[in-house]
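Some structures to go through are shown next.
Two complexes, one shared chain (subunit A), two partners (subunit B, subunit C).
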Partner chain A sequence: MKIERYDMIVIGAGPAGLSAAIEAAKKGLKPIVFDENARPGGQLFKQIHKFFGSKEHKAKVRGFKIGEELLEEAEEYGVEVILNATVVGLYPEKEVTVKIGDKVKHYKGDAILVATGASENMVNFEGWTKPGVIGAGAAQTMMNLHHIKPGNRILMLGSGNVGLVVSYQLMQAGCEVVALADAAPRVGGYGVHAAKVARCGVPFYLSHTIVKVEGDECVTGVVIGQVGPDWKVIPGTEKHFDVDTVCLAVGLSPMSQLLKQAEVKMNDTKGGHVPECDKHGATSVPGIYAAGDVSGIEEASSAMIEGRMSGTAIACYLGYMTEEERDSRIDELEKQLDTLRQGMFAPKNRGKLVEKTDEGIDVSMNLLNKGFVTDDEIERFPGVTHQKGIHPVIECTQNIPCNPCQDACKMGCIRIGENITSLPAIDPEKKCIGCGMCVASCSGQSIFLVEEDVEEGYGEVTMPYEFLPVPEVGDRGVALGRNGQYVCDAEVTKVRIAPAFDHTYLLTIKVPNDMVMRARFYKKEA
Partner chain B sequence: MVDIQAKLKEIGPFVEEPDDDLLVCRCEEVTKGQIRKAVHEGIFTLEEMRRYLRSGMGLCQGQTCGKLVKSIIASELKVSPAEVVPASSRAPMRPIEMCILAEDGGGCDE
Partner chain C sequence: MERIENHPILGETPKRKKVTFSYDGKMLEGYEGEPIATALKAAGVMAHRYTAKTHEPRGIFCAIGRCTDCVMIVDGKPNIRTCITPLEAGMVVQTQYGVSATPEE
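On to the complex of A and B.
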């Protein structure tokens, strides 16, 4: 039996695995990466939205672009990636068995990194096995990789970032999202993601779960109902929707079975079965490391940093760098990771109700319960000001690690400061020139340009727009409020696109003066 | 070591519920009722459940239903899911054709 030897074997070519391999290859190691999929990049290539974070963390870059950059870097450093290669076994002696084609091949690594990611959770209810009930990840695969519309009328279960982002993408793909439900009493994901879904007219049903899915051959309808404190549906609260697809985004679980098989010490946590790791990702078995979602669910940006930390640790473990070199690199990476783990959605705040922002402002409860900030509530945030002439209105109301808007404004109108989770504030002394760079740079699509008295009694609102077909100047339609309801008639007066906007169109609509603070979405009349 | 008889006495007899015919493991077509009933027959761990009913032994290897089966066992035993002993992990981690597995290690003829 032939066994091939490598310095470093990486299982999983997603953000964590590739980053680790690149980091190690930079130090002279020859890593090999196995992935069971036909394409590398893990979930990154399904992510068509702009990422949050700071400039250094590739904020405002779309996920699939980050994936492309990662692949280019991997190639540059000679990282060997074997695709369609399913790892079927991992043993404490650091031996790996891999199914490639119709053969099982054996490899031995001086170090092994498990970066297998996570899989989607399921919930079951009457009819959950009918064709048309799909995971949110499956919906993304269909839309964003294969360009197939998953359905026409969809109900989304789950208000975490996955549920919110995928709901928006479903609408971008031309599907109608009839409702978004979640058994939890509050929206789980970023408020800005919820707000951009809500303003399109999607009703949010918090404290609601699926009672049953209807249909003989496939899904034709769904019934949801309100849950009581015991998580059971309260009789009489059932609501029916005609849908052909039910999309589930009810969390992820680490795919950590290989680690367990390798006799790594595991912990059974609320977030799944995870390996016990030190801050470098080293498990209890010397030479076996874990990084990314497999060691605890987070998101792609932190997975990439964790991967780089493990790659560094492995390079040191195998003698390719000194401990001092390792520690200084790890320190640098740890700082980056810390920034991403700040704010209201930091791991330490998981499941907690944060009622005030760091600035001491009351968090919008409507945002948490219905997905949008009301017209009254929005006024109390520092990004919202009333000025003569054109100016940005920043509807960013939660402390999340993101700051591209600050740099986007060359005039210095937008201030976040040192702490990247601070709410963006408007400096009224600085003059906005209406360039719209802030609007396009906001990954949360929460910045609008507002100007009153463009003509007698009418003002203009400029909004980010990412739907096709792109409206044309002169189009008449309706303006929707933050809650997705009709506020007034609107006329498209400007449509702007530039390479720097990265596919986000800037749509300007003309509305009555008293509607400039209310109109937040444009729809061509049905 | 769990005293199975004592635990069975503690949790009381199996009582039918309206959603007992709900499929939980779709690969091996195991229902919620079957799993609940198995608990009352002394099956308290995921490992035993896999062997007893084949739940989690199909194509997806319990990736879909593992958590669900765990929570059903837990609620039947009136404990938290973290207290239910998980199944062990062993190769092959992914479904693999017998002919490929048989060839592993140099082929059957050698």
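On to the complex of A and C.
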């Protein structure tokens, strides 16, 4: 039996695995990366939204662009990636067996990094196996990779970031999202993601779950119902929707089976079966490391940093760098990772109801229960001010690790400060020139430009717009409020696009001046 | 289901080579190299197979080759994951009943 040897074997060519391989290759290692898929990049190429974070986390860059950059970097450093290669065995002696085509090959590494990511959780209900019930990942794969609509009329189950982001992407692909349901009493994902779905008119049904899916050969409808404190559906609360597709976004679980097979010490946590790791990603078996979602579900941004940390640790473990060099690089990466793990959605707050922001402001309960901040509630946040002339209105109401808006404004109107999770505040002393860079830079699409008096009785609202067809100047339609309901008639007065906006159009509508703080979306028809 | 020809973020879908293949004896069109499942979805096919014991329909579920719900008989070989198998001209794709190409009585 032939065994091929490598310094470092990486299992999984997603954000964590590729980042680790690049980091180690920079130090002179020759890593080999196996991935079972036909393309590298993991799930990054399905992510078409702008990422959160700060500059060093590649904030405001779209996921698939980050994937392209990662692949270029991997190529530059000579990282070898073997695709269509399924790792079927991992042994404590740091041996792996890999199925490539119809053959199984053996490899031995001096160090092994497991970066296998996660798989989607599922729930079952009557009819859940019918064609037309799909995972949220499947929806992204179909529309963003294979250019086909997953369905025409869709119900989304799950209000975490995946459910919210995929709902929005479904609408971008031209599908109708008829409702978003979640058995939990509160929206699980970022409020800004919920708000951009709600303002398009998608109703949120929290404390609701699927009773059954209808149809013989495929899905033709779905019934949801309200759940009581015992998580059972309360009779009489059922609602029916005609849909052809039901999309499930009910969480992810680490794919840690290989680590278990390698006799790594595992912990059974709420977030799944995860390996016990030190801060470098080293498991209980010397030379075997884990990084990314397999060691605990987070965002792709965190996975990339964890990967770089493990790559650094492996380079040191194999003698390619000193411990001092390692520690200084790890320190730097740890700081980046730490900033991503702050705020209301920090791992320590998972599942908790946070009622006040760090600034002591009451969190919008409507945002958590219905997906949008009400007109009264929005006034209490520091990004929302009333001024003469054009000015930004920032409807960012939760402490999340993100700050591109601060750098986007060259006039200094927007202040977040040292703490990346602070709510953006407006400095009324600084003069907004209406350039719109803040609007396009906001990954949460929560920034609007508002001008109360443009002409007698009318003002203007500028909003981010990422749908087709792009409206044209002179178009008349309706303005929708944060809740997705009609607020007034509207006329498109400006449509702007620039390379720096990265496919986010800035759409300006004219509305009666008492509506400038209410109109937040434009539709051609009611 | 409709294909996406133009997308607000991804732009125009790149032109690809059209090929024909057979699905349960009918000739269908798809694009070379796309997953068989995508071509079938574009043609409106939802049920890819029927389960062995209870004869229930199954279709695309995970779309990344994990769940095996979408397996069909391709060029005479059963259990082919159509969501990750690239379409080629002239492929013979058949609905899978249990593991065979003919429904049981």
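Observations
As a working rule, the second predicted complex is superposed on the first by the 525 of 526 C-alpha atoms of A that agree within 3 Å, B and C clash if a C-alpha of one lies under 4 Å from a C-alpha of the other, contacts with A are read in each partner's own complex, and residues count from 1 in each chain.
What we mean here is this: a residue touches a chain if its C-beta (ideal position, glycine included) is under 8 Å from a C-beta of that chain, and two chains touch if they have at least 3 such contacts.
Quantities reported herein were computed from a predicted structural model and do not represent experimental measurements.
With the C-alpha superposition on subunit A as described, subunit C and subunit B fit side by side in the combined arrangement.
Applying the stated contact rule after C-alpha superposition, one finds that A:E217 touches subunit C and leaves subunit B untouched.
Across the overlaid pair of complexes, the angle with its corner at the CA centre of subunit A and arms to subunit B and subunit C is 60°, in steps of 10.
Look at A:E126: by the touch rule set out above, it reaches subunit B but stays clear of subunit C. In the superposed pair of complexes, A:V87 makes contact with subunit B only, with no contact to subunit C. When both complexes are overlaid on chain A, the residue A:I148 reaches subunit C alone and has no touch with subunit B. In the superposed model, A:R186 makes contact with neither subunit B nor subunit C.
In the superposed pair of complexes, A:K65 makes contact with neither subunit B nor subunit C. Once both structures are overlaid on their shared chain A, subunit B and subunit C have a minimum Cα-Cα separation of 5 Å. On subunit A, the surface patch touched by subunit B in one complex and by subunit C in the other comprises residues 36, 119, 129.
Of all the residues in subunit A, the ones that touch subunit B in their complex are 1, 36, 86-90, 97, 99, 102-104, 119, 121-126, 128-129, 253, 255, 257-258, 260-261, 268-270, 272-273. Per the touch definition, subunit B reaches subunit A in the complex via residues 19, 22-24, 26, 32, 61, 63-65, 67-68, 82, 86, 88-94, 96-97, 99-101, 103-106. By the touch criterion stated above, subunit C contacts subunit A in their complex at residues 1-10, 13, 34-35, 38, 41-42, 46-48, 56-66, 69, 83-84, 86. Note for the complex: subunit A touches subunit C at residues 36-38, 48, 62, 119-120, 129-135, 137-138, 141-144, 146-152, 172-174, 217-218, 466-468, 470, 503.
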